[in-house]
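Two complexes follow with subunit A in common, the first pairing it with subunit B and the second with subunit C.
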Partner chain A sequence: MNVHSKIQLTEAETELIRAFVERSARLPGNAQTVMTRDSAIEAIKAAGLPTRKVEAWHYTDLRRLLSAVPAYDPEVPVDDAEPLIAGSPVAAVANGMTARAPNVDGVSFSTFFARLSEEDSIAVPERGDDTVGLINIAFVSGGWGVEIADGVELAAPLELQNLHGGGQVHVRFPVTVGNQAKATIIERQTGQGEALVSSISDVEIGEGAELTWIIVQEQPDDTTHLGQFAARLAKDAKLTLFIMNAGGKLVRQEVRVAVVGEGGDFQMRCINLLAGDNHTDVTMVLDHAAPDAGSVEIVRNVVTGRAEGAFQGQIRVAQAAQKTDARMACNTLLLSDEGGFSTKPELEIFADDVACGHGATVTEIDSDHLFYLMSRGIGEHEARRLLVKAFLAEVIEDLDDEALVEVLEAKLDAWFAEHG
Partner chain B sequence: MLEIKNLHVSVEGKEILKGIDLKVGNGEVHSIMGPNGSGKSTLAQVLAGHEAYEVTEGSVTLDGKDLLDMAADERAREGVFMAFQYPVEIPGVSTMEFLKAAYNALREHRGEGEVDAMEFLNLVKEKLEFVKMDKSLLSRSVNQGFSGGEKKRHEIFQMAVLEPSVAILDETDSGLDIDALRIVSEGINLLRNPERSMVVITHYQRLLEHIVPDTVHVLYKGRIIKTGGPELALHLEERGYGELIGEAA
Partner chain C sequence: MSSTDQLRELANRDYKYGFVTDIDMESLPIGLNEDVVRALSAKKNEPEWMTEFRLKAYRHWLTMEEPTWPNVHYEPVDYQSISYYSAPKSDKDRPKSLDEVDPKLLETYAKLGIPLTEQKMLAGVAVDAVFDSVSVATTFREKLGELGVIFCPFSEAVREHPDLVKKYMGSVVPYADNFFAALNSAVFSDGSFVYIPEGVRCPMELSTYFRINAANTGQFERTLIVADKGSYVSYLEGCTAPMRDENQLHAAIVEIVALEDAEVKYSTIQNWYPGDKDGKGGIYNFVTKRGLCKEARSRISWTQVETGSAITWKYPSCILKGDESVGEFYSVALTSGRQQADTGTKMVHIGKNTRSTIISKGISALHGQNSYRGLVRVQAGAENARNFTQCDSMLIGEECGAHTFPYIDVRNPTARVEHEATTSKIGEDQLFYCLQRGIEMEDAVSMIVNGFCKEVFRELPMEFAVEARKLLSVSLEGSVG
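Here is the complex of A and B:
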């Protein structure tokens, strides 16, 4: 490894490279994997982290915003987390290393570490075009591979937990949902202490399968969270992705969905709760590659303090994807004067018989609503809580699962109690 | 007792109320009538605590407590209730959640704990009877998609649940057909009691056929220009405001 940087590296970039030099020998992987890791870190070294000049990072100048990288510390204690839905099976990763997996009929678990260490292990997938991928490729140490067999219907949600006690955490969750299978998977991202987290969930959804995937990101408020959710939908597959961002200092959640089978259906509901100095960026690229498919994305943001957020939503409809019906909306409720939220919808349509649309709004709490509630004796804070909840409730209720709706609304209430 | 003394109110620098004096004793029903633009709704909004209205002079007390010093929610907890002329639709806030939040806020103010869910449901169902509304209302968003009549009945229903010591009804009769007017009026009459004061603001005399007031005041250009008994309302119905306005001018 002897490439010279063409640029002046920032403190965080230097720290990343130093961490790689220190750790690379201990990271799992065969010769091919080692080479892929090397080239990932070389790419960061050569170009640096992206600035706002890179279009995909226009609203999140990672080079400027990532000011420090905490030291790797695998020994730091990690608190357990109760599953979101009591009693549901949990596969956990702690400080980047696989901790425990449950027994679930029809589901097999494998550690990502083992996959990388085996003679014939899969190489780290090529993700040379993206920074979250590069960082993850360079450092990924663990995670759970999950395979849900054909036709299996999970009785309870399966929870994948990425927990940390601070430091650096780089994990991967490769998941396969078999044909006609039906599952709800909850991805929990939380921990204690300052951390740099990269987490990639890579999901293959088989024909006619139905998957609900729920990401609950509640990182500590000094943590950088770089998340990526990638999914491919086969024929007649249905994916409902629900994202709740309610923590972190610097958060980038990427969503890369390809509807490759005809008749596929993708639904995304995303709630971003931004407070303090938080910066949260949700960037989605949705590829409609097959005909007769549909998609709806609804993003709702509540912004207070000096927080800033962005949603970039790109929908690409290939020429073959006739009869696609794609809709996207991004609505923001600003609770403070200093906060802000940017939205960039992008439609690239190469098919002629499609329906695509997008819309964005930014509002404040309606003073008439507030007065009405207060005129009945409801205190201002409680009245605002009711109105914020009202703004978000229909998006949560779209999940159509009472137990899930209840816990997510409780999380919303907890966030509002602290930040509202 | 609600006592208003020399109340002057401005909106965006323009004086709307120019010295109102009014005393409404416990159990009394006073009606305030007047042509459009006389300041009737301003009076209602000011009493409820709307911040867009600036009180430049005067005082408003409820049983000796200074209401003008209180925010809208505090006034409500002290027992003030205004039935809105135009109740707003609040999508996403269920009527039940809203009522419970309000009811519990009042209870907390009285030093009582949160109401038991079952007990509250029974109470609410009983009060729905007052205005002949169905319990399906409770799961709907506050006022959303309600007809004009439903909105007004909903206001009176809330009053029945919250049991205020002073109720200000701002043109509760506007937009109601004969049947809805009868239902709303019956609801209001059921809520009359020796402890509760009511201020009934209306443009027309027809509401007062159902809710017979103790006293009628005529408001014109921000001043009360005449006070009398129920017969004053009948007089106005026959002769219009013109004659009184002429006297006042």
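Here is the complex of A and C:
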């Protein structure tokens, strides 16, 4: 393969480019932004969507898997979604356009549309393999900017909703959490009808701040969801990221976390529920750039039907990041003959005084455990459900917010009721 | 003296095996084209089918690009500036016995400690010594011959056992497999051929010492081991190379075929010249090693101790095709100075109830960069496949790096795949414990590192294990703090 050769564009690539030609004039942004958008689409035109040969896309051949790009339709109706925790404030985006924002003390909201028109707020991605970034930059139309002032503690979780009624949705949530602030933010990704969704959350976490970020992805089963969560942690900042993937046809959730301040702490818990023909890929890159920081990532996957899943986790420890303690685990229950799961836990370590480890397992339900329950009179189906639930609930229970744990466990039960 | 100083001092040691033997060499002109491939084949009196195989591989090689995915960095190799053949001149009248062998050659072997003469029985090892490209002398042939074991230079096997070679050569590593395999298939110089007949347990450990000698001569070994039903063989490969300023390319192929109930144990100690402390010179070691557990209950075990070479690119793998077949990989890879290694294994589970174990120990010191890259794949039909992988890295010094890239693909729900990896520094408390008991720093480190590698060393045949331990201590000299 010669990288310089002109490629033959696929149908989806052609449609993506055509969609850009049709929409670009109506997309927000100053002259600089227009140029940035152009160069993003040019990059896709030149190299095509990534294939397995691009290491970051090793398990998700986007070129092959993205078969169709639905047309943008701003008029299609969008259903409201109740917040996960009743009564919590909601900032919503519908069909890619900002819909409504709440009033919360110490928190200011700005529409991304306005930001784009006023300043140069998007840049071409530094990495050539950041296809989610490229697609989003080309098409992004809205989203909420959120600023939490220094020292503010949110009483209730703030919910960011990205809702759609089908078509194309490209949004961004730039979020700043001030020094010593404390917040829980829920990112909801859902809608009705076939869609191509790209959503980027870009989070700056100030010194000593504590942020819990929950991503609940429940896209319809014909939707392509390209998500990216990026965060930078300042000194002594703490980030707990929880991801639940329970929908979509083709799902790619990227996590890019950089611990740039000393003593930072990153916790990630991720649950991937795969059914039918779903393809879900969670790709995480964690940069430990500062000393005395810690991180733990636990990923649990359940695969049924003909679903395919992948987890790529890369921990990079820079030479300056001495005394880093980083742990990563990925456990998969493979419950069907036709499903598959791939993991690639990578460590790249350039500092010598560190403790890093990762573990990965793939297996089916332990027959001893099943036997134990069945010998106590629990039917096989119920016993299996219990074991799978226990396997997942363990991860959810790491969250120390009871209301959240309850809601997420209810989501698990709902998924089982449909697919279990 | 601070630990860093100690490290530096130890790093300044010279390469112990850096000597060059002056023997007349007969080389082909530098460069590679179809004529060179033909000339190479003609020089070795190869049959037509072999020449065709080489040409096919060469033509395919032209269409391929050198892989860039490994986590190693080096100056590009100019494949047209390499001589693809060199053999000791006395090739035409091969020595009938050791007395006829060039004494200088014997001297070299003596320095390497190869028990080719009186020490033959002592070590209990039959040596097919590859000196640059052509096998010069083979020992223990008669004894092995009685059992029907074939252990001979590859070129001889091509002439005398064409059916076996035709049947198995390229069956595990096809010529189009990868860039370096294609290159090797086109220009391979010589190597070893082993055939163990049905039900035979090879009474001695078969051993080949490779030694790269002539300047600018790429070494393109090709080894083929076939273990017929119910047979057993343990094969040892050890390497040292003289000091050179130019990077030397080594692109070998090792193919192993294990039939029903057969077991092959392949052990390697690789200690080629790693380059000087600035990374100048040193061997590029780009090797394709793969074993096929072709039939039921066959077993292939790779054990490697990699302490040499400037660049290592090597993934001894097992294709577990037969039901209940077993693959094992035990590895110690040490990178010190400016060495870079990207090594690991692939275990491909195809048959039912197949099992594999991977134990990899990576040690990085000074500026060394060590990567473990592994693949465990469980195909849909591999019911009850089991894999256990453990890859541990140890970092000694602040400027080295340890990397792990394990790929795990599971397509069968009855599979059980476990992977664990750790990276840590050499334990301060362990060091302290040793030091306060009067053990020198260097010995303490050597002890701790040997302990770290124990799981791998115990898989090595005894003589090799002793050598491996020594090699590790020598290689670590100057890297410890």
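In the analysis below, the second predicted complex is superposed on the first by the 401 of 420 C-alpha atoms of A that agree within 3 Å, B and C clash if a C-alpha of one lies under 4 Å from a C-alpha of the other, contacts with A are read in each partner's own complex, and residues count from 1 in each chain.
By definition in this document, contacts are C-beta pairs under 8 Å (C-beta built on N, C-alpha and C of every residue); 3 or more make two chains touch, one makes a residue touch a chain.
Computed from a predicted model, the values in this text were never measured in an experiment.
**Student:** With both structures superposed, pick whichever of subunit B and subunit C touches the larger number of subunit A residues.
**Tutor:** More residues of subunit A are touched by C.
**Student:** Touch check for A:N103: first (subunit B), second (subunit C), both, or neither?
**Tutor:** After superposition on chain A, A:N103 lies in contact with neither partner.
**Student:** Can A:A390 be said to touch subunit B (first), subunit C (second), both, or neither?
**Tutor:** A:A390 contacts subunit B only, not subunit C.
**Student:** Could you say whether A:Q8 touches subunit B, subunit C, both of them, or neither, answering first, second, both or neither?
**Tutor:** Once the two structures are laid over each other on A, A:Q8 reaches no partner at all.
**Student:** With both complexes overlaid on chain A, does A:R376 touch subunit B (first), subunit C (second), both or neither?
**Tutor:** The first partner, subunit B, only.
**Student:** Give one of first, second, both or neither to describe whether A:P345 is in contact with subunit B, with subunit C, with both, or with none.
**Tutor:** second
**Student:** Which subunit A residues come up in both lists, the one for subunit B and the one for subunit C?
**Tutor:** none
**Student:** List the residues on subunit C that touch subunit A in their complex, please.
**Tutor:** Interface residues on subunit C, with respect to subunit A: 65, 69, 378, 380, 393, 395-425.
**Student:** Would you mind writing out the residues of subunit B in touch with subunit A in their complex?
**Tutor:** Going through subunit B, the ones touching subunit A are 48-51, 71-73, 75-77, 81-82, 84, 87-88, 90-93, 97-98, 101-102, 105-106, 109, 141-142, 158, 162.
**Student:** In the complex formed with subunit B, which residues of subunit A make contact?
**Tutor:** Listed in rising order, the residues of subunit A that touch subunit B are 366, 368-369, 371-380, 382-383, 386-387, 389-391, 393-394.
**Student:** Given the complex with subunit C, which residues does subunit A contribute to the contact?
**Tutor:** 1, 55, 58, 319, 332, 334-364
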